[in-house]
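Going in written order, the chains are labelled A, B, C, D and E, and every chain counts its residues from 1.
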Amino acid sequence: MDLQYFAELFLGGLTRGSIYALIALGYTMVYGIIELINFAHGEIYMIGAFTGLIVATVLTFAGFPTLAVLVIASVAAVVYSSCYGFTMEKIAYKPLRGAPRLSALISAIGMSLFLQNYVLLAQTSDFLPFPSLVPDLAFWEPYAHIISSQEIVIITVTAVVMVLLNLLIKFTRMGKAMRATSQDREMAMLTGVDVNRVISMTFVIGSATAALGAVLIASHIGQINFYIGFIAGIKAFVAAVLGGIGSVPGAVVGALVLGWTESFFTGYISSDYEDVFAFIFLVVILIFKPSGILGRSETQKV
Amino acid sequence: MLKIDDINTYYGNIQALKGISLEIGAGEIICLIGANGAGKSTTLMSICGVVPPRTGRIVFEDREIQNLPTNRIVELGIVQVPEGRRIFPYLTVAENLDMGAFLRKDKAAIARDLDYIYDLFPILAKRRHQAGGTLSGGEQQMLAISRALMARPRLLLLDEPSLGLAPLVVKQIFEIIGKINRENNTTIFLVEQNANLALQIAHRGYVMETGRITLTDTAANLLANEDVKKAYLGI
Amino acid sequence: MSMDFGGLRAVDRLDLEIQQGEIVALIGPNGAGKTTFFNCITGIYAPTEGDIHIHPPGGQAKRINGLKPNRVTELGLARTFQNIRLFQQMTVLENVMIGRHCRLRSGIPGAVFRPQHTVKEERQAVMDSYRVLEKIGLERFVNDLAKNLPYGAQRRLEIARALATDPFLLLLDEPAAGMNPQETHALDQLILRLRETEGVSILLIEHDMKLVMSLSDRIYVMDYGRKIAEGTPQQIKNDPVVIKAYLGEEYVA
Amino acid sequence: MMSLVEIRKSFLVSIWFMFLTFPIMVIRVNTVENIVEWRWNNMIAVGVGSFLLSFVWRYLIRRKEQGVRRQRESAGPRVSIFQRIGEDRRIFLPALTAAALAVVVFPFLVSMYQINIMTTAFMYIMLGLGLNIVVGVAGLLDLGYVAFYAVGAYTYALLNYHFGLNFWVCLPIGAALGALFGILLGFPVLRLRGDYLAIVTLGFGEIIRLILENWNEFSFGPSGISNIPRPGFFGVEFSLLAHTRYIYFLVVLITIFTIFMVNRLQNSRIGRAWLALREDEIACQAMGVDKVRTKLTAFALGATWAGLAGVIFAAKTTFINPASFTLWESINILCIVVLGGMGSIVGVILGALVLVLLPEYLRAFAEYRILTFGCVLVLMMVFRPGGIVSNVRRTYRFEGPDSGDK
Amino acid sequence: MKRFVLFAAVVALVAMFAGTGIAAETIKLGVGGAHSGDLASYGLPTVKAAELVVKDINAKGGILGKQVELVVEDDVCKPEVATNTATKLVDQGVRIVLGHICSGATKAALSIYNKAQVIAMSPSATNPDLTQSGENPYFFRTIASDDAQARLEVDFALDTLKLKKIAVLHDKGDYGKGLAEFAKKFLEEDPRAEVVLYEGITPGAVDYSAVVQKIKRSGAEAVIFGGYHPEASKIVTQMRKKRMDTVFISDDGVKDDTFIKVAGKYAEGVYATGPKDVSKNPLAIAANKAHQDTYGAEPGAFFLNAYAAAQALLNAVEKAGGTDDINAIVNALRTELVDTPLGKIHFDERGDAIGVGFSMYQVQNGAYVEVQ
């Protein structure tokens, strides 16, 4: 057993998992509250990345210092993604509250296609380089080959975001309203919860996490195009389901499990069938635990 | 206190309420009886704005509320215990009660009310950290009523509190409803299938048939009414 | 026919026996495990311990625990649900025809080629279903969607659908819940009539004590998953344990 | 209606959208060549556009609500136009004859390209009808339907390549293999419901595609298989045009066959069980319906049509590679079913025609095609969530105790 | 009613488009390829090249006194669409086609062209089978096939760099995997080399650290990668960040300025093959200038290949005296030398251009420089 190799794969999987987690969190929150597979969530992530890139480039041109660029670009990405999430809910999902679930899903797919092509047409179909916002720190030197400063930032941010979200859901008024709404929307209304606001907030928070992820991930990967949201979205969706969709810790656990699965499978077997294995793993988990790793097992009341 | 004036409400493809008018005075227990599907629950949902009426007016203490969103109506003090109890199954008993006080800000008063509730229903105090979904039917009904009380209702709407409960529990629940009305002077609008029990604690009653109010009188008179006896009291 | 059953947390060592042609009631406070017990019998849950045996009239005795619900139904046990579970978007007739489903045989080739015997079978199924509806008194709703039926009729349609599976034992889960006194009375008559004409045995869960007392030959009382009493209606009414746990004083008469 | 409040509302909407689209619409950066381009006129366009559209949007929303009201106030449920056509034989027969005539004459009036497009549309009708069994009738959300399509296509391509089997031999084999894979997928997902089912089927579809992509020895990997022969006709040598027509008629025949089969299946004991299963699984089982068998039949039969369509696809394009069987293809077929109207055969047919022909004729706006498509999906769902033909399931009508017929 | 309107609209559309184009007194040059969607950036330069060439020729009075007309059709690089595109072109009386762009779409389109006896010349489809299978008598291309590129990469690694242990990676795509397969084959045939790793990576993945670790563990001295620049830059960046100095050799899909821009300093020293440097060719300079003048931007991918292809096609038509005799055109393509931005070219029996090839480039100081 090559311990160092194992450690490297482990850390690689951890980074990958953290990336999935940042996107999966929004997926899972939205699902938890309105039981909608928000297919366009990946596009919100993509728009976050583009906004970040655009703002960062403009600011760099204007001669702002790097740190200011980093902060302003991230904030802009988060704000804009949240606004997009908010608007999207109002246009494509809210009028469909009472409609069959499939209709909402198709609407989400339509939204996803629309946003992808909106960015494609307004910007470009080419890959655009994304500036590295987190410097590659040198003092890591002896260990830098194991984990880079960027990876550390991603992992830390994921952990912090997850803890914050958990606290928000557990202890704040909004969190309580969210939990109540997800369990029984009509009853939540009857206790005085403004359900529309709660749903909007959920989209806003989910989109904000996605945007934060987008800036970090794009700066880690170094390039973006209009299509990144789709692939990342599918993976995040798989992660969310794996962990038990609707559950915040579940999304993170699912994402990490997915990240490690892919990493170790690639490392010890082959990356040819990396995704195949990830999907088979998902199927196997769901067969034995049909509601995901941390999902509530919903026994239907008879 | 509450005046409903000729409301029409649509549910799905059916017009559920056809020109309902009724009135509830402060401190009263009013009982609405009728067969299943007559529109009793819809009436409550219309008052709360969950299924707002398409036409007509609902006036609560001189204020038109038919166009307000539910949360604003709850804020005014109209609180409903819906049919089937609707406990948040994954929230603990304490959290469920907390949700009842969602719109209230005064922490001290909330704590006092909580003590009152635990006093009223000692079993809830015992189960305070248990998830709501794991309670028995009777306990859930107690929790549902308590949750509503936590909102300090001025008008409490109760929808079928006896549904699916054992006779013993039904009796307890009705005793408590009477107690709440007496002790807090809470106005209560009660929708019941079990007309016999309901009319025994109510002051006045309305009888509903397929979306219309067909009869209204004092509870005692209704209990004595031959038609009501035949149709709803099973005597 | 005998059932022996236990081990589950919700239902703890419950012995229950129903004779051919009997109407037996199972009562108890909410959460006592009555519905769970039903679910175990009908195969929706598998009991962890114990045995459920059936002995259909004119057939072989058989142990049925762990069988899939549809097998249980095929063997002659049919049920209704506490919270109505009709096929809302299907017509009344179609609902009953689903009940006939397990007694029909035609498969994919039959569906596609519609050979003579399939057509005949279908026609027969329609007729049989209609007859069932006549028995229950729902024939005037035959082409209505189930969701458009009045509440009491929906309850009765549940019974009709169960009856269409040709059961020898009918399990009714709170059939009178939400019914008004008139409807309850009609139900009372209907259940008795079914026993007479169809010869089915009936096991019912019910809170309406008037119905239970007037219908049942024997009553079992459950609390916290256990059987706390068993006997004729008269015995149960006077059992102090039952009064304390379930009925309350006013039934002492 | 153009009150001041309305104008103010629209004005705010317009401000909001100008803000929202500001970075993406106005600024274009090219980080390769380090160019920043400001396009302020886009902002004006967005502002004006959203100002105007918000009126339309509100008008439509209002109309939707009023439409529902009108429908509710009018006595009885509204009978859809399609249902009327279907039920009234005086309209139905001539309509059918006209449609049949149009279908037959069509390939002799138009260009080869038009025939090709129509053939594609008919293939999607088959796919849509197949998926309709699974999603529309049995209510099982399948996002991996394209896998069976791939199975069919590769069945023909590989059997032909290795053993020289011809189209007609492969057609039933493809269908059978499709069914087999349907059952293979069906088994593990039996317990899953709703969205979990969706993600697992999605995974299944991807697994099949990835295997085709990676397993070179078996499937020739991403470079695909070319020179797959077109279907033959007793060894007759066709010109390109004749062949195109021939395939067209072939597909038309198989589509009619499909419609016939699906129609009969839906109105049978099995179809009834599917519907019931969709409505309530537990009640269904308690009524003696074998859940496992019923679900598997749905998966298998749905997959059969995909397999069949796959064989035709391979024969029509003469070249296949895994890139034709992506998730988007599954989504496309799903859109046909949902947009057309779930559970309705006529709906699926219309859905397929619209979704295949519209993008084809929208080529004029090439790059705005998918954007428009996305928009249409959202708008359609918002304003008509039941699809083009909603709620026209034919119910079994009981005419009286003596006839017992429909 | 609404639905009828919709239906009527569809019918009307069908009718509107039903009319076939009637051949006028022009020579029609079809252009097929991805003109929309995510691969449009590979297809659109071809359209522009065709426009420039045609404008040029028409300005000089056309061919044989006839004007040349362009018929442009989009195939979004999808095989199933490409067959429709091809039929549409054939329907409109096109006998010579410039395209298609992607190998898969080209293969699908050829099934129509072969039967309709239409000549297709691709500026970019590199799949070897297209010419080597011998099944496409009317297909030509102005780009070298993948195996030539793979040969060059392998020879460079073994002969010039004298490396032995080599890892071969690909992106599982049509182009990348095909190339990698050839590279692997060539390496295995050579006793000096050892393939220490052969693996497909998942395109679009967020992170390639596991694969990079694997390369490291395999002890490879060089990586030969078949695929496009987005993946290449991710892998190179991660390799360099892990402090690995493994040589990275890749293909035409990576020889793109975006690669250098994305990978930044990590791009330094990366090798990539690309079409022979023609920057000194006066015709190439002129063509690029024409593009710059007409469209106000630098030409995109395969522009010169497309330019050359358009010239070769039209020249052959002229030599054959029109588009009626397809075999005469084929013959002319094989025999007549044409002066193009790629140099003087003609085509061999199989349809590959003679005189078109690849060279090796290396990133030096932020730009690709031809080596040797």
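Heads up, the rule we're going with is that a residue touches a chain if its C-beta (ideal position, glycine included) is under 8 Å from a C-beta of that chain, and two chains touch if they have at least 3 such contacts.
Not measured: the values here are computed from a predicted model.
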Using the contact definition given at the top, which chains are in touch with both chain A and chain E? D
What is the identifier of the chain with the smallest separation between its Cα mean and the overall Cα mean? D
Based on mean C-alpha positions, I'd like to know which chain lies farthest from chain A. C
Counting in whole Å, what is the centre-to-centre distance of chain B and chain D, each centre being its mean C-alpha position? 47
Please report how many Å separate the Cα centroid of chain D from that of chain E, as a whole number. 33
In angstrom, rounded to a whole number, how far apart do the mean CA points of chain B and chain E lie? 73
From the mean C-alpha coordinate of chain C to that of chain D, what's the distance rounded to whole Å? 42
Junction residues of chain D, two or more chains touched: 31-32, 214, 282, 367, 370
Counting only residues that touch at least two other chains, what does the list for chain A look like? 120, 126, 128-129, 272, 275, 302
Chain C touches at least 2 other chains through residues 44, 81-82
Touch list for chain C against partner chain B, complex: 28-31, 82, 150-152, 174, 177-182, 184-185, 207, 209-210, 245-248, 250-251
Considering the complex alone, what residue numbers of chain E touch chain D? 1, 3-4, 6-7, 10, 13-14, 17-18, 20, 35-37, 40, 74, 78-80, 82-84, 87-88, 90-91, 103-104, 107-108, 110-112, 115-116, 127, 129, 133, 135, 172-174, 177-178, 181, 200, 257-258, 261
Chain A partner, complex, touching residues on chain E are 37-41, 172, 199-202, 204-207, 209-211, 213-214, 217, 229-230, 233-234, 237, 241-244, 258, 261-264
Contact footprint of chain E on chain D as seen in their complex: 31-32, 81-82, 109-114, 116-117, 120, 213-214, 216, 221-224, 226-227, 239-240, 243-244, 313, 316-321, 323-324, 350, 353-354, 357-358, 360-361, 363, 366-367, 369-370, 388-389
Please name which positions on chain C make contact with chain D in the complex. 42-44, 68-70, 73-74, 78-79, 81, 85-91, 93-94, 97-99, 101-104, 106-108, 110-112, 114, 122-123, 125-127, 130, 142-143, 145, 161-162, 164-165
